[in-house]
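In the two assemblies presented below, subunit A is common to both, partnered first by subunit B and then by subunit C.
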Partner chain A sequence: MEVFALNALWLGPVVAGGVSLFLSRRMLLGWLVLHGFIQVLLWIYLYEEGEGLGPVWSFLWFSFGSKPFFYAIGLHPVNVWLLLLTIVVGHAALFYAFSDTPRIRSFFALVFILLGFVQGVFLARDVLLFFIFYEASLVPAFLLIYGWGGAFRRAAAVKFAIFTLGGSVLLMIGILWGYVGRVSGVWEEWRAMPLPAGAWLLMTVGLAVKLPLIPLHSWLGEAHVEADTPVSMLLASLLLKLGGFGLLSWVWMDGKEWAFFLRIWGGVSLLYAAAVATAQTDLKRVIAFTSIGHMALVAIGAGSGSMIGIQGAYHQLFTHGIVSAGLFAWIGLVEKQMGGRSLSFLRGIFAGRSRWQLPAVLLFFAAMGVPGTNLFVSELLVIWGVGVGAGWFWAMLPALSLLLTGVYFLRVYRELAQPMGAVQGVDSGIFFSPREAVVWFLIGWVLVGGVYPQPWLELLSYVGP
Partner chain B sequence: MGTRWLLWLLFLGGIPLGFWVEEPLLRSAVHITSAIALYTSFYAKERYELYAILYLLSMGGVFLFVHGESLIWIFAGWELVSVAAWGLIVWGRGLRARALEVGLITFLINRLGDVFWLAALFGEGHYPEGFLIGGAIKAGLFPFSFWLVQAMYAPAPVSALLHSALLVSLGVYWLLRYPGWGEGLPTEVMRDVGWVSGLLAAIGAIGSRRPKVTLAWTTAAHLALILSEWPDEAMMRTLLLRHSYLKAALFLLIGVAQKTGYFSPIVGSLAIAATFLLGMGGIGSSTGAMIAEGITAVALGRMFRHVGFGRPEYTIRYLVLIGAVCLLGSFYFMEGLMGSMRIMNAWVGLAIGFGYIFPWRYAWSWRFDKDVAEAFYGLYESWIRLSFFIDRLDFYISKIVDFISYAFLLLASWVARLELFLIRVGWPYIAYNSRRALAWLVQYEQPLLYRQALRWGFLVALMGGFLWRYLH
Partner chain C sequence: MVEQILPLALALPLLGATTIGLGGLWLPILRKQKYLIGGIASMLVFGAFFLFLAAFLSYKEPSYFAFAWDWIALDPLRIPLRYQVDTLSLWMSLIITGIGALIHLYSIGYMAEEEGSWRYFAFLNLFIFAMLTLVLADSLPLLFLGWEGVGACSYFLIGYWFGEEANARAAQKAFIMNRIGDVGLLAGMIWLYAETGTFDIERLKDYMYGGEVAMGVGLLFFLAATGKSAQLPLYTWLPDAMAGPTPVSALIHAATMVTAGVYLMARMDFLYNLTPETLSIVGAIAITTALLGGLVALAQQDIKKVLAYSTVSQLGFMFAAVSAGAYTAAIFHVFTHAFFKALLFLGSGSLIHATGTQDIRKMGGLRKKMPITGWTFWIGTVAIAGIPPLAGFFSKDEISAAVYTRGTTGEATFYVYWLTLVGVAFLTALYMGRLAWVALEGEYRGEGTPHESPPEMTIPLGVLAVGSIAAGWIGLPPLLGESWIREHWLSQSIKELSVPSLSHGTELFLLCISTIVGLVGLGVAWLLYGRKKAAGDTFFSKHLGRFYTLLSQQLQVDMLYERAFVQPYYILADLAKDVIGPWIGRGIPALVAQMLSRLGEILSRLQVGYTPLYLSYMIAGGLLLLLWVLTG
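For the complex of A and B:
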């Protein structure tokens, strides 16, 4: 049963994607609910089975010379919550999309397949398997950006593909280099000794494209903005996590030696992203650059040189996934209602509409890392980790994130809430829709994770060197 | 009616709950919030549920700060009160342009303090000064008092809340709750900085014309003076609690005066006298601090003169009542008029009189907080400007990347054209001609020239061979 459940966690969505090609729009909704239900059940079963620490399943896939490659998948404290994140955000995005996305069957199929591969990345316990899933996830992501979204989506998709493939080349060379001196690439052996410096650098740069850190971020602004709202949700909350997860799990294992480098890179990236986000006039671009800033915190946590920082970075992967998906969903809602998402166009939409601003305020404050929201916990852990591992001066670097995120989110809020004159309408009531339910669903996760972070922190306490 | 009952519920629940709480600051927070909830239910005309939620949030913040078990929860409490303050300022009088601006400044300056505070909190005791900077910003000590002054835009009960146990006090209270954090701090420097800061804030109080702004300045002055008492924890605790209760009461009083235009001599005098007796009778272990306190007293006296201005005939009654209460209080509560150097009630009486008599309209008005506020706002604006510049940079980076990929595509397209040329023209041409050449080579009837060349070639090779053999 365990073996079945583990495999079904990534094969299930792939099969579901195939099936959804043959269903009508209404049947797709039922299929989505059924699939989500089964996935959650499987996740709960696996979580209960090993209390978040297991199980693992592997067999010898093939061997090349003296190097065996394993098909090894399993649960681990670091991927348990990311698996759930994939299920939650993936199904939320599909629910968000189902009512009016054109070519719905192929859309569902691609998203399901993407979810399967993302689950595979998180589940993989052999570095080669990780790489295979990592590469495979590129194809549906590319097609999703290419096929649905704004006017310049094709250029954005091509750029996304070029960048990610370039990163993958470096990652692949790094992985092959890492095999020198190792018999196999299974989790325990891969992490038992430090990587050679060159392999470390290549893998880090390769994954930094996906994370992304500047100056490798240029694909993100366009891909997130041009993609359709549900695809933006998936990109921000899942695709970026692949980079962060790879960095933390497969590259970052020997603590302090190279921490300095990653800390500085992450810090520069954070300041840069905050500045660019401040200058944006397109709401979606603001959120896109927020993501860069938040993922820079993951890099800083990975380079904190202490276990608390690494735990914080893992936690940040989950929390940012929820928050960014919520923000994109909310912006999609506003865009749908108002017909635009430029700040100058939307100025004053909050005045007199408390229904509109409540989810926005909650999500903005969540992204600002305010207590009571889940991102607060992870940011604090990262800052704490840097303070412990590198000293108080370095701790100011991630702490600056609190200030700078505050600057641009309050600026955006100020624009949106600016009273514009006499006609500040009553609540129109049209705003309520299943899409708003998705936003509130994600906000629920934000608040639960912020008020009661124990289940997350409990598992992360098992994260060791 | 609306949701006013929520605030009454808060009041009815909070008062007994407060007696059950042991920690003094938390108890004062609970009691003050409950009282303010009741006050707000009559003061405000709408948005009761908003007030109730945000009051609860502030109280929760203080609770977390006091009883938080890990550093994360302590910081959560510290931060939560700022968030609640932002909400109260921005939404308290409805969404207005000025409220949004004030909320922005308040929140951002507090976050700036958090950067230092967090570095100190997670720096494992290597950087206690960070607590001091973060605390000074939170408490609104001069030169960071400008946000406190600007936050006076909020309605009176909100100001009362922020200025009592629920926001600014935390900026000093951390020293009492977690004395270990303050271990490496330079006591003498703190004392001197404290009284200088208090003095400047007191002068600011004199210079201000509106009662609420005066109160804001006196808060900055009092908290600085309380901080200068470190490391006398007992004294600081007492003063902080007095400050909390009385500052809340004063703001509520100002709120009443703002609504009605004046307050009755008996209530007003009692309030004023009690303020000076309990709130101020006791600060001043240094001359500078005493002077600062005296000036604060004058400022408060002047403020009450303004408030009572609606009924000039009350002035004499005020003076008599205040003097009597101060005199009696100083004997009963403060060990006699000259019992201790710390008692300044005689001064206070004089100061109030002085505050009434002095022609303040000719006095200078110091608004140096404006410069600091402008500097901070300038910092904010510079960041925005810089962000536009970096955004441009990002645009160019993006364009360079695009250029590289387009150049690559261009190159690829030329290669493809070359390929096409080769396929369409080059290869057929070569193939055709090489076939022709081959055919031409192997055909029987060849041109004369060719045969002759062959013959000559053969001959030359033969002769060369012979020559080579001969030479060797």
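For the complex of A and C:
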């Protein structure tokens, strides 16, 4: 049963993707609900089975010379919540997309397949398998950006593919280099000893493309902005996590040596992203650059030089996944109704519309890391980790993120609240539209994770070299 | 006892905030029931006040209360939801809920014509909850939760009329300047943790700190305090914050939130006692702020701006007390100041409500038209001016005595501080006298016929007036009796920097100075503004010239900050977006392309079309592969 459940976590969505090609629009909704239900059940079963320490299943796939490659997948405290994140955000995005996405069958199929491969990345317990899933996820992601979204989506998709492939080449060479001196690439063995410097550098840079850190980030702005809202949600919430997860799990497991390098890189990235976000006039771009800033905190956490920082970075992967998906869902909601998303066009939309204002306030405050939201917990852990591992002065760097995100989110909020340009709106009735429901569903996670983060943190305490 | 009282007292305002907020949001019908909403909100805060009163009456010793679950626990780190009820936090809670309840009551009348009063009351209740969390927290991150929470509530309430650009900008400015301080609080807190391995305030007291740590953390916490409590250089948000509704100014920006910095430093007494050098720095900043606030207040025409700068100046007094190591004197001044400053703000709200303007040049003669507001405003004025036996006299006298005493221990700078404080006390009486005579006496210069406000507004004025008269009597100077608040109450939780006590002669001298300075200040105000009907402003502008103009422009500090920080940051942001961004966007792919074509060139040299060479490549490759497999 465990073996079945483990494999079904990633194979299930892939198969579901194939099936959804043959379903009508109405049946797709049922299929989505059923699939989500089964996935959650599987996740709960696996979580309960090992209290998050969960089963591992591996068999020898093939060996090359004396190097064996395993098909090894399993649960580990660090991936349990990310698996749930994929299920939650993936299905939320599909639900969000359901009512009016064109070519809905292929859209569903691609998203399902993408979810399967993302689950595979999180599940993989052999570095080569990790890489295979990592590469595979690129294909559906590319097609999703290429096929759905704004006017310049094709160019954005090509740019995304080129950057990611470039990163993958470095990652691939790094992994092969890492094999030198190791018998296999199984999780325990890979993490048992430090990587050779070259492998370490190549893998870090390769994964930094996906994270992304500047100057390797320029694919992100366009891909996030041009993609359709549900795809933006998936990109920000899941695909960026692949970079962060790879960095934390396969490269920076001890996080001590050369830590300051990643701290500085992350710090520069953070400051740059904040500055660019301040100058943006397109709301979706603001959110895209917020993501860069928040993922830079993951890099800083990985380079904090202490275990708390790494735990915080892992936690940030989950919390940012929720918050960024919520932000994109919210702006998609507004864009759909108003027909635009530039800040000057949207001035004053809050006039008379408390129903838009409150989710915006909660999500903006979450992105700003206000206590009581889940992102604050992870940012506190990162700051804490840097302070413990590298000294309080370094801790000012991630702490600065609180100030700088405040600067541009409050400006955005102020402009949205000015009563110019837009007509006085009216709140819709008592009931939610499906899109609003998705936004509130994600906000629920934001608040629960902020007030009671114990379920997440309990597992993170098992993180160790 | 505490186990039952504390969770309930915390839950009441939170319950109000959530029910009113969500109810107003989803059921637009409820938004019209303004008296119901305001009534519920007020009742809940009154309830919390009576709970704390019960805790106060049955108080025996410090007690701790922790919820069964932790907020954040990541082995071996723990941030429990742990609260501390000692004399200091209980006293602050009484101020918050007591003054808070009166201001809620007042708000029912003040906000009666507002469409969105449900939003207002939801945030006001949430503020009470956050502020209680701040003062009661025993764990620094929990304190930070309250600290940011009050900042967020303040943000929403300053920007309550968010449609106006000025209000929205003021709110934004307040939040960001507070966040600059928050970075200091976070960094200091983490530094303490790195030293001691705990966040619990109770346990932090037991560690031995090196001088560097005590000073560094002390200064970082003081940075946080300058943000929250509007001291130099982060004070400019407070005058702008007057854009919010007046009761908010009274509660948040005069009586409670802005005193959080003072509370934090009193709470961290054990750190500051270790390094008097830190306290000297605090003193210098406090004195400068007090002087600056007093001077600027003298030249403002907007009644709320005068009171805002007065608050900045009075907060300077509190920090001066902290710098002398006299934390009880600081908290005592927090207490008395809460009464008379809330009274003055609510009074000014009543005047604004009646006249429809904030410009004191368009008021005048209002005491006759609005007797309750007028007389209570006078009481507040006399109290803040430091005339015995009203409240302000006792707390200010204790502060100046404490600063003077520090001077006698050999730190000569404290004599300078003391002298400046005396000067600021004179200024306080002067600008408050000016405000009262111009706004309340003489002939009415505005439009329409102002009427007295409704009872839900005048009752709080009356209660606060009684407090402004009597609140000081719990802290009598040694010469006149015994200071109850110092000896019997706060000394249980605050350990002051030990300084010698003054001789009776010196003490009498200081008392006389305080009294005389207050009386002279009011006297000068009467000469300039009472007797000669508002001739004072021309007198000052004639004799002070450009300096007076500068004062009336609030020293142009806003413009300075705008040019020195805000605009450069926006220029930098534009630069990042429009220059560096595109440069990276084109540069990196170009660089990679160039590298690849260079690589291609090199590889193409191997492709010479000579078959035996290709064959040798193949053999070499095969051999290498074989070698790897065999040795691997």
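Heads up, the rule we're going with is that the second predicted complex is superposed on the first by the 455 of 465 C-alpha atoms of A that agree within 3 Å, B and C clash if a C-alpha of one lies under 4 Å from a C-alpha of the other, contacts with A are read in each partner's own complex, and residues count from 1 in each chain.
Everything below uses one rule, namely that a residue touches a chain if its C-beta (ideal position, glycine included) is under 8 Å from a C-beta of that chain, and two chains touch if they have at least 3 such contacts.
For clarity, every value in this text was computed on a predicted model and none was experimentally measured.
> Just to be sure I read the superposition right, which of the two partners does A:A351 touch: subunit B = first, subunit C = second, or both, or neither?
both
> Contacts for A:V407 in the overlay, against subunit B (first) and subunit C (second): which applies, first, second, both or neither?
A:V407: touches subunit B and subunit C.
> Mind working out whether A:L202 is in touch with subunit B, subunit C, both or neither, as first, second, both or neither?
neither
> Check whether A:Q418 is in contact with subunit B, with subunit C, with both or with neither, and answer first, second, both or neither.
It touches subunit B and subunit C both.
> Which chain makes contact with more of the residues of subunit A, subunit B or else subunit C?
After superposition, C is the partner touching more of subunit A.
> Would you sort A:L248 into first (subunit B), second (subunit C), both or neither based on which partner it touches?
After superposition on chain A, A:L248 lies in contact with neither partner.
> For A:L170, select first, second, both or neither according to whether it touches subunit B, subunit C, the two together, or no partner.
A:L170 contacts neither subunit B nor subunit C.
> Would you please give the residues of subunit A that touch subunit B in one complex and also touch subunit C in the other complex?
Correct list for subunit A: 162, 215, 218, 221, 272, 275-276, 278-280, 350-351, 365, 370-372, 377, 380-381, 383-384, 387-388, 391-393, 395-396, 399-400, 402-403, 406-407, 410-411, 413-414, 417-419.
> Any idea which subunit C residues touch subunit A in the complex?
24-28, 69-75, 77, 119, 141, 144-145, 148-149, 152, 155, 159, 162-163, 165, 168-169, 171-172, 175-176, 179-180, 182-183, 186-188, 190-191, 193-194, 216, 569-570, 572-578, 580-581, 584-585, 587-589, 592, 628-630, 632
> Which residues of subunit B touch subunit A once you look at their complex with the stated criterion?
61, 64, 71-72, 75-77, 79-80, 83, 90, 95-97, 100-101, 103-104, 107-108, 111-112, 114-116, 118-124, 126-127, 130, 380, 383-384, 386-388, 390-391, 394, 397-398, 401-402, 405
> Per the contact definition, I'd like the list of subunit A residues that touch subunit B in the complex.
Counting only subunit A, the residues touching subunit B are 158-159, 162, 215, 218, 221-222, 272, 274-280, 350-352, 365, 370-372, 376-377, 380-381, 383-384, 386-388, 391-393, 395-396, 399-400, 402-403, 406-408, 410-411, 413-414, 417-419.
> Can you list the residues on subunit A that touch subunit C in the complex?
Listed in rising order, the residues of subunit A that touch subunit C are 64-67, 162, 166, 214-218, 221, 272, 275-276, 278-280, 308, 311, 350-351, 354-355, 358, 365, 370-372, 377, 380-381, 383-384, 387-388, 391-393, 395-396, 399-400, 402-403, 406-407, 410-411, 413-414, 417-419, 427, 430, 451-454, 457-458, 460-461.
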